[in-house]
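A short worksheet on the structure shown next.
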Amino acid sequence: MTWTQYLAPLLKGAQVTVMISLASITFGVILAFAAGIARMSSNRFVSGLAFVYIALFRGTPLLVQLFWFYYALPLIGISFDPITTGIMTLSLLTGAFGAEVVRGALLAVPNTQLEAARALNFSKRYTLWHISMPQAIIEMMPPFGNLAIQNLKDTALVSLISIADLTFQAQSMRNITLDSATVYTLTLVGYFIIALCLMLIVRFIEMKLRRGPAFPRGAHT
Amino acid sequence: MMYGYAWDTTTPLTFAISILPILGIGLLVTLKAAAVGYAIALVFGLVLALLRRSKIKIVAWTVAGFTEFVRDTPLLVQLFFLYYVLPDFGIVLPAFMTGALALGLQYSAYTSEVYRGGIDAVPRGQWEAATALNLSRLHTYRNIVVPQMIPRIVPALGNYLVSMLKETPVLSVVTVLDMLGLANMIGERTFEYLVPLSMVGLIFLPMTLICSALIYAVERALPKTGIPLR
Amino acid sequence: MNPIIRFQNVTKRFGALTVLDNFNFEVQRGEKVTLIGPSGSGKSTVLRILMTLEPFQDGLLETDGISYHEPNGRGPFKASEKHLHKIRCNVGMVFQSFNLFPHMTVLRNVVEAPVAVLKMKREEAESRATELLRMVGLSDKKDHFPSQLSGGQQQRVAIARALAMRPRVLLFDEPTSALDPQLVGEVLGVIRDLASEHDLTMLLVTHEMRFAREVSDRVCFFDKGRIVEQGEPERFFSNPQQPRTREFLSSILGEQEPIRESISCAR
């Protein structure tokens, strides 16, 4: 077997990796906004709930979370298939880290903007969505980009709950061929290429958001 | 029964208490792996950061590419790489050392960025003043640059220590018997995963929360000697 | 006639620091009042309290007959958002740093609040906004973003934005302090027009003494949270009674005259 023959199974695995990563980034971002905004709520119960969620998922290892959902939950009668478990866990983790990004960016909107909104008699909800959020969302893009890369790297762990992702395929190829160096080098390069694509996507979104004269580059650093 | 400690599965609570000493042994392995890995990351990251400032362009670019590559690929695959490939080159390390090496390698890519940011944050005028005073390069680094970058880099380095701590369970995949490895083993023997896995999470949670709080306290206590910390 | 603004024994503290101490102050409908004084004397705090940006600890305050205390006794500290909303319907503010919304065009900045808060139809709001922008001399800039405007232009947009809410009381918090000297004139020009054309109550915190003399019906000198001296501008500037006022005026006028000269040279 030459190294070109490794490519087909690795590509199949890469597809699974990309799918899991994109799905969990999408759900994670939604969770991040929900939890980040909830965290800033004046309702103690809502913000407390968000705090517990964020602390729990930020404070424990992903692998423990993954095994917990995969091995432990079924013992109390709740079970999902591996793919769902993987996407769910990664989404929850990305959401918890993303919530801090959302919160930080919203807190970074200058107080003078909030005062102006108050002087014009906007409601709190209106101020959040029409004044703070459009300014904050641009500041969220670079940290969200880092989270996306982190998420991609974290997907490798789903191979440990029997999902046939890129890492899983690499493991089976190695077991068949024992050609560790080639297989793992190809795998690492594969992840690197996917990471570069993710970075390009995030840059593209940021550029779209920043387009036009409202936010000249560097004006908001 | 493991390490001489028997477990008692009559109720979840007795089970949890009875496996606590076993997990304690695993915790020591976890902490040791993080300590060794972190030491490697601190030193090797500094080497990478300094090489990246090299005047020889090829060296700087290679190091930049290497750092980016390590940063953007999964720890687990890097771990497999070291675990299976190093022996092919005649380097046989115990699993624990391979694991700590993988952790250190991945995080050196992060710490090198922190060092680099810290060095870059020292204003140009400081370097120029040091040159004007005819200070040696070593003296400039030791007495001008490092004291000014410390308040900037310590919190970031601390945060990476917490992240690394949370990634150590990955080492259980290559047979290292850390906390998670032992919890899985208990699970396999008792068919009861809920309690051991929950315990591992519950032990990690206060550790990381306390570490984060400590870093925050250090960050606030450090003198910010005149550098804009943005 | 009832005064439109009435402070009665208002006390405002920031921690241990008392900014306003048993403060009493009344403004009549349509009156233009200038507040002057050294920084930290409490003059901006008066505006910020009126705009509900700051709570106060003691005393009574009302604008246009609406008390800052709710009828059920909840003080300005804890008045409900609904009650504060009612108060703010009568009051508008122009900030030192303009505080335009950077992600909205000039026109959107002016239209946003009338549509979202007053529930005005968008077309109607836009035609009024266009009218207001013409008044401040910026009808050609309505599709620009704030970052594309000079400070003076931004402040003129901010004035149009505040006027679009039809406030009865308009507060100006050092509207020209953040501007380059050559841009101060265009903003003062707009405020001057406003002072003559509108039946609007205006409170103005400023360091522009000549301007204060021109536009205001009354000048109040603040020091340490109290009004030390007040009166008609002519009498106030030509014949100040209190030594503290004289000291302040001579220090600030001494500073300003040379600046004025350099501007005229530049022209």
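Chains: A, B and C, in written order; residue numbering restarts at 1 for each.
Basically, contacts are C-beta pairs under 8 Å (C-beta built on N, C-alpha and C of every residue); 3 or more make two chains touch, one makes a residue touch a chain.
The shown structure was predicted, so the numbers you read here are calculated from the model rather than taken from an experiment.
Centroid distances built from C-alpha atoms place B farthest away from chain C.
When chain pairs are compared by their number of contacting C-beta pairs, A-B comes first.
For the pair chain B and chain C, the distance between mean C-alpha positions equals 55 Å. Measuring from the averaged C-alpha position of chain A to that of chain B gives a distance of 21 Å.
Here the CA centre of chain A is 46 Å from the CA centre of chain C.
For chain B, the set of residues that touch two or more other chains is empty. Within chain A, not a single residue touches two or more of the remaining chains.
In the complex of the two chains, the chain C residues touching chain A come out as 51-53, 81, 85, 88-89, 91-93, 95, 97, 99-104, 112-113, 116-117, 144-148, 161-162, 165.
Against chain C, in their complex, chain A makes its touches with residues 112-113, 115-116, 118-124, 126, 130-131, 134-135, 212-216, 219.
Across the complex, chain A is touched by residues 69, 71-78, 80-81, 84-85, 88, 166-170, 172-173, 180, 184, 187, 192-194, 197-198, 200-201, 204-205, 208-209, 230 of chain B.
Looking at the complex, you find that chain A touches chain B at residues 55-56, 58-65, 67-68, 71-73, 75-76, 149, 152-157, 159-160, 167, 170-171, 174, 180-181, 184-185, 187-188, 191-192, 195-196, 221.
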